[in-house]
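Shared chain: chain A. Partners: chain B in the first complex, chain C in the second.
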Partner chain A sequence: MGIAIIGAGITKFGELWDKNWEDLVIESSKEASENANIDLTEIDSCYVGNMNLSRFEGQDHVAPRINEILGIKKVVRSEAACASSSVALKLAFNELELSSIKKENKIILVVGFEKMTDRITQNVTEILASASHYDTEVINGATFPGLYALLASRYLYETDANENDLHAVAIKNHKNAVLNEKAMFRKEINLEDFKIDVATPLKLLDCSPISDGSASLILTTEEYAKQLDVEYVKLECVEIATNTISLAKRNDLLVLDSAKRASEEAYKKAKIRPEDIDVIELHDCFTIAEILNLEACGFAKRGEGYKIVRTLEPYDEINKKDAPIPYIINGKKLFVNTSGGLKAKGHPVGATGAAQIVEIVNQLLGRCGKRNVNCKIGAALNIGGTGGSAAFSVLRRPW
Partner chain B sequence: MVKAPKIYRLNNFENIFKEGEIYAKTKIYTSSNLFGLNRKVPYINALIKTDKLIFGLVDDDVNIGEKVRTRVGFIGKTENGLRIYGTIWEKKREFSKPKPIKEGEKREIKVDTLTGIEGYGVYIPRYRINVSDIGKIWGRNVQGIKSFPGKFDDQASYACNSTLNALKHSKIKGEEIKFIEIGSESKVYAVKPTASIVAGLLKSEYCCVCDNEFACKAGTHAIINGFNFVSVNNGYALAIGSDSAQGMPGDELELTAGDGACSFIIGNKSPIAIIEGYTSYTTDTPDFWRNECEKFPKHASRFSGEPAYYKHIINSAGKLMEKLDLKIEDIDYVVFHQPNSKFPRVVGKKLGFSEEQIEPGIVFDFIGNTYSACSLIGLAKILDIARPWQRILVVSYGSGAGSDAISLITTPHIEKKRTNIERSVKSWLGEEDKENLIFGDYGLYLKNKGII
Partner chain C sequence: MGIAIIGAGITKFGELWDKNWEDLVIESSKEASENANIDLTEIDSCYVGNMNLSRFEGQDHVAPRINEILGIKKVVRSEAACASSSVALKLAFNELELSSIKKENKIILVVGFEKMTDRITQNVTEILASASHYDTEVINGATFPGLYALLASRYLYETDANENDLHAVAIKNHKNAVLNEKAMFRKEINLEDFKIDVATPLKLLDCSPISDGSASLILTTEEYAKQLDVEYVKLECVEIATNTISLAKRNDLLVLDSAKRASEEAYKKAKIRPEDIDVIELHDCFTIAEILNLEACGFAKRGEGYKIVRTLEPYDEINKKDAPIPYIINGKKLFVNTSGGLKAKGHPVGATGAAQIVEIVNQLLGRCGKRNVNCKIGAALNIGGTGGSAAFSVLRRPW
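Presenting the complex of A and B:
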């Protein structure tokens, strides 16, 4: 017997002037509970993923405040930078595995959220930078775009990739976001729009935005899901791995080793190979991340991820299609970031991991409207920091 | 193992003696708010490949694969105003070195002690401004060149970097230094010594350190104190003159105030130049001053020449020559403080020195008046070209007012140690290796000086 996701809810991502973080948590949790057809009071425990509410909004001790607003009696908060809610999902997964052995019928809520836009950009940049090595990287001026730009600079130096290959990732993800009403940027972009430098070689449009948002998932055992008679998706596994926080301490700068190890472990647990995956949400906080993650997850060899991106060529025709465009790997289609990804859907860091799973659940259940693709196995890779943390989840349509 | 420098430990000089090549780099245009206003964007972060990968801040725009080396830089300021210093990487370049010189006439040494200069190091930022660019803004027709800071430079970083060069020249380890005195009138803290930052760099804890201030003569005063320390205690002393000289926008001083530092290591093991003696002359003359909490000095311009500069220099130099029984022809080179191009040449002539004795020590024409560092850099420039057994007279001047005169005589060690020098003073000044200089406009000057 496995673990089932019976509810998935997500707020609109973006600069949400009129909503505070509590509104967002309530909104996504309610949506998840409604499509699971349960009441929030029936939930046994809740795992919250949030990176830095204390610095964004001044509030620490998040769990009891969630208790106060959702009425759930057991709440745990997890933090792993941008992978915070994936770690929350892993904790929920563990609790359910245990309860399934004990033959208990537990229902667990996983909620991820972040409210980032109440701070000015420089403050947000500083807060986010705390997910890297503070005493060596941050003190010397590192920002997150800067750290990923270092990876990009090395990638472009070692391989035959060029800046347009990076930009193509963003063009594709923006295109997908147009089809997602919850996405932050529902606007097509083209190569000539990449003008503003953030950290060379990354342009502004290579970077994910600062966003507010929340995403929620309701999990239970597969057995209980059947009893409840609701549509569900099977969560085969959530595998997490960590690596050094400093870029300088990595054995190979261009291999996101935590993502590699998490995905390999997940493939083993789920008994699948990378080519079995139809749709995947890949952590694309910066365009270079999607390329490196394609390689880390086994879709391409080291330094050859850009060749997958080139299957989108010609890049100036990406926007001509009215549905998500897949990468073609060995003649097979792989849909990546149909939601728009972090790049265009938005990246409220604590919500991102859960939001990726929401997208895959909705894809597998055929709830994505125009952007729905034909799929049976979905996956999500969520990264914390520059790859210090990683979580890889495999989801399967049960029929 | 990551040995993390914590903010409360502030300054981190780990990796300071490393060289490497750029492995990955980025130029960051959108900065974080950490150290807020002190981040002068865009700045460059890189991973540098040495024996291991190191994350660092890079001064120049360098490409992947290019060689870089370290120096000390001012990285930023905490909310409470504490300044953070650390390792900055810069492109490794080839510079002209001092040339070997043939032996010549031997001067008779006046003392039987060995205490003198064991090594010296200069640091002058690469940035220069044509003074005419400043004059243009303020409606003056003036000519000349002066130095100004780069984005990671300040008085403390100058002191640290010139000291690193002095250590390389003398082949002395930092922890062997037991006395540090920095002369400066542009200290980075009103209260907290710059000398302790240098001591931290050298990892010398049982060390007697202090900053002093006496306008432009504080540097020679540090040499005198270092000389006295070594005479009593043996060991090594470090004397530094370092200034990011201040001049109010629009004021005459702005046309001359330059940036730079010079460090001398004083000892009695293998001196390249022995200190024969010194004299000081002081009167209460208010020609130039800066009040408490004011950013820029003021001056009573008509006092500057005759009753101030000329009188004090002539009296201190005259007294020392009398004390050591020296005649003009016993001296090979003379270095004066250089507040402008004219004064040192005029006072030299007044004392009877020839152009050949005065001109080699002129540094003003390349970098302006570096206040406490000025006469010290002049001395370093002479030491680059001096033969063994030549006599050098250094005469500083500090407003307020006083003058120190020091007589030195070179030894054969000067030639042996010259091979340790990686970059000549002429190269630092921009008299040679002109292609290394970066000429900035008045806007960049004001920004890097911290005025805007």
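Presenting the complex of A and C:
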């Protein structure tokens, strides 16, 4: 028997000035517990992913604050920058796999959150930069838009891709976000909107926004999920991998090796191939990231991810359809970032990993309304920094 | 079969101006791998405990930096303030328990570290304060000496304990540190040295110091340890518990409930009673903490921990013996903080949990020289903040 996700909840993502981080954590966790049909008091332990409440709001030691607001008696915090809550999910998976073998009926909450707009001192870009190499990148003035711009420059230099291929990723993801009421940017964009430069070649609309938000998942063993008689999705595996934090120490700038290793291991564990996946949330903190991750996860060869994006052509017709548009890979549909992705749904860094899983759970259970796609196998790739950390999860409809 | 600790390494603790945090992590990890007789390249995954490199040195996303310096391909960072590396140990334990059942031969590194003296901006007390409730404690000016002073005041008010009972804890732990070449303060102290006030009733010498340091542990399954033919200690269990972060929300100020729950669960798992323990590293960030933790862990009733300390009387003779002096509980010896404890060995917060285990491993293997005590069962209690987090571990000589 395997691991089951029986509840998934998410707040609206955005600049949520009227709520504090605790409100958000409570909101997404209540939604998750309600659709799992359990009470929060039934939860045995909690893994919380958060990048940096310490610098955003002065609060380290998040675990006992979760105890204070949700009453859970065992709470563990993990941090892996933007992959923080995927690592939390992995740790929950480990605990549950053990409890499945021991025939214990544990219920675990995974919650990821970030409140990025209420910062007390430094600016957000400075805080986020701490996820790159402090001594050689941050201190030399590097920011994440700058680091990803470097990757994008190299990509455009080495391949036949052009800036429009980057922009098309954003146009698609904005389109999907229009269909997602929890998304931050519910507004269609077109090629002519890419005007403001951020870090060449990235335009403002190639970048994900600074957001507030929280996402929660409730997990148990498949056996217990059946006893509880609740609808669930099977979590086949969560595989994590770590790479060098600095770009300068990578063998190949264009290969996100941690994403490659995590996905390869996940395919092996779940006994699937990339082409078996129907829907995936694929880390798109910048448009170039979605392309590099298509390659890293085996959907395209190195340097050929942009060709997959081109299956969306003509780009100025992407907004004509009132449903998610898939990429076409060898004749088969692959829906990527139906939620709107980090790009348009929003990117409250600690929440992102859990939020990706929320979308896939809802897709597999057919709860996504207009953006629902036909799917049986879903996945999520979440990375931290420029790929220093990665987590790849495979989910499946159990029926 | 259970879990084995096959390697334990620790740097000197102190104000280490000539080393950076990476030097420290490498040093303790090399020592651990050398006494485990393995190469760092043989390690499958790593759990790193660190409280706040982000605010001490600007670096979040510690995991991929560990990849960069040690080459380990899966690294997870946990944070639970001063209990960060005990949580890392718990997560490693979970992974190994699973791999033991699956008959996989994994080797895991647990490393805890903190570099507190190279801070880039804020003062250390302000950074540490982030482990208490930001909105209601930090913002009102509370610091950890202040919060523990509150607990000490209440203790002296409710019980017949006096300030000398607090000081005796420090005198004992300084005495032990003299025998530990890795300790920060290798200097005997006496009652007349407690002159400088920090936060009434706590004197400067009732407080643990700000320190740099790193501690590493190498773990595998007992089965594989036997195959490797290496000396090891059995790690029976690591139990964690979470409580409210704010003192104001506790039912009883004098009961560190997380330590109580973690220890009770550990006793159950390890099938022992408190009186079976021969040697324990017991979280003593302030002298009052050692007393409260003696009570929380079942060595004394609530409000009676000071009576155990009084078995050291007369306090001005503690320094006469050239070996650790035990407490006497119902006629049986209990050695507490033979390493010198946080108080005198030093307290680089993220390193502390792992460092406590290093001492117990070395005690059980008879590697502590002059401070070696006769022991078969050892334990460690590590807490975060004022007890918002706790971890209790039980270790045993396998022969």
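To be clear about the criterion, the second predicted complex is superposed on the first by the 395 of 399 C-alpha atoms of A that agree within 3 Å, B and C clash if a C-alpha of one lies under 4 Å from a C-alpha of the other, contacts with A are read in each partner's own complex, and residues count from 1 in each chain.
Just so we're on the same page, a residue touches a chain if its C-beta (ideal position, glycine included) is under 8 Å from a C-beta of that chain, and two chains touch if they have at least 3 such contacts.
Here the structure is a predicted model, which is why all the values come from computation and not from measurement.
Of the two partner chains, neither chain B nor chain C is touched by A:G14.
Of the two partner chains, chain B is the only one touched by A:A199; chain C is not.
In the superposition on chain A, A:R55 makes contact with chain C only, not with chain B. By the document's definition of touching, neither partner reaches A:G340: not chain B, not chain C. Once the two complexes are overlaid on the shared chain, A:P348 sits clear of chain B and of chain C alike. In the superposition on chain A, contact is made by A:K249 with both chain B and chain C.
Using the contact criterion defined above for the overlaid structures, shared-chain residue A:N94 touches chain C, although it does not reach chain B. When the two complexes are overlaid on their common chain A, residue A:P324 makes contact with neither chain B nor chain C. Within the superposed three-chain model, A:H133 lies in touch with chain B and with chain C [touch as defined at top].
When chain B and chain C are set side by side, the one touching more residues of chain A is C.
Residue overlap on chain A between the chain B contacts of one complex and the chain C contacts of the other covers 133-135, 138-139, 246, 249.
Residues 2, 4-7, 12, 23-34, 36, 39, 42-43, 45-47, 52-57, 64-65, 75-76, 84, 86 of chain B touch chain A in their complex. By the touch rule above, chain A contacts chain B in their complex via residues 120-123, 125-126, 129, 133-143, 145-147, 149-154, 157, 197-202, 246-250, 253. Against chain A, in their complex, chain C makes its touches with residues 51-52, 54-55, 57-68, 72-81, 87, 90-91, 94-95, 97-98, 101, 127, 130-135, 138-139, 240-246, 249, 258, 261, 384-385, 388-389.
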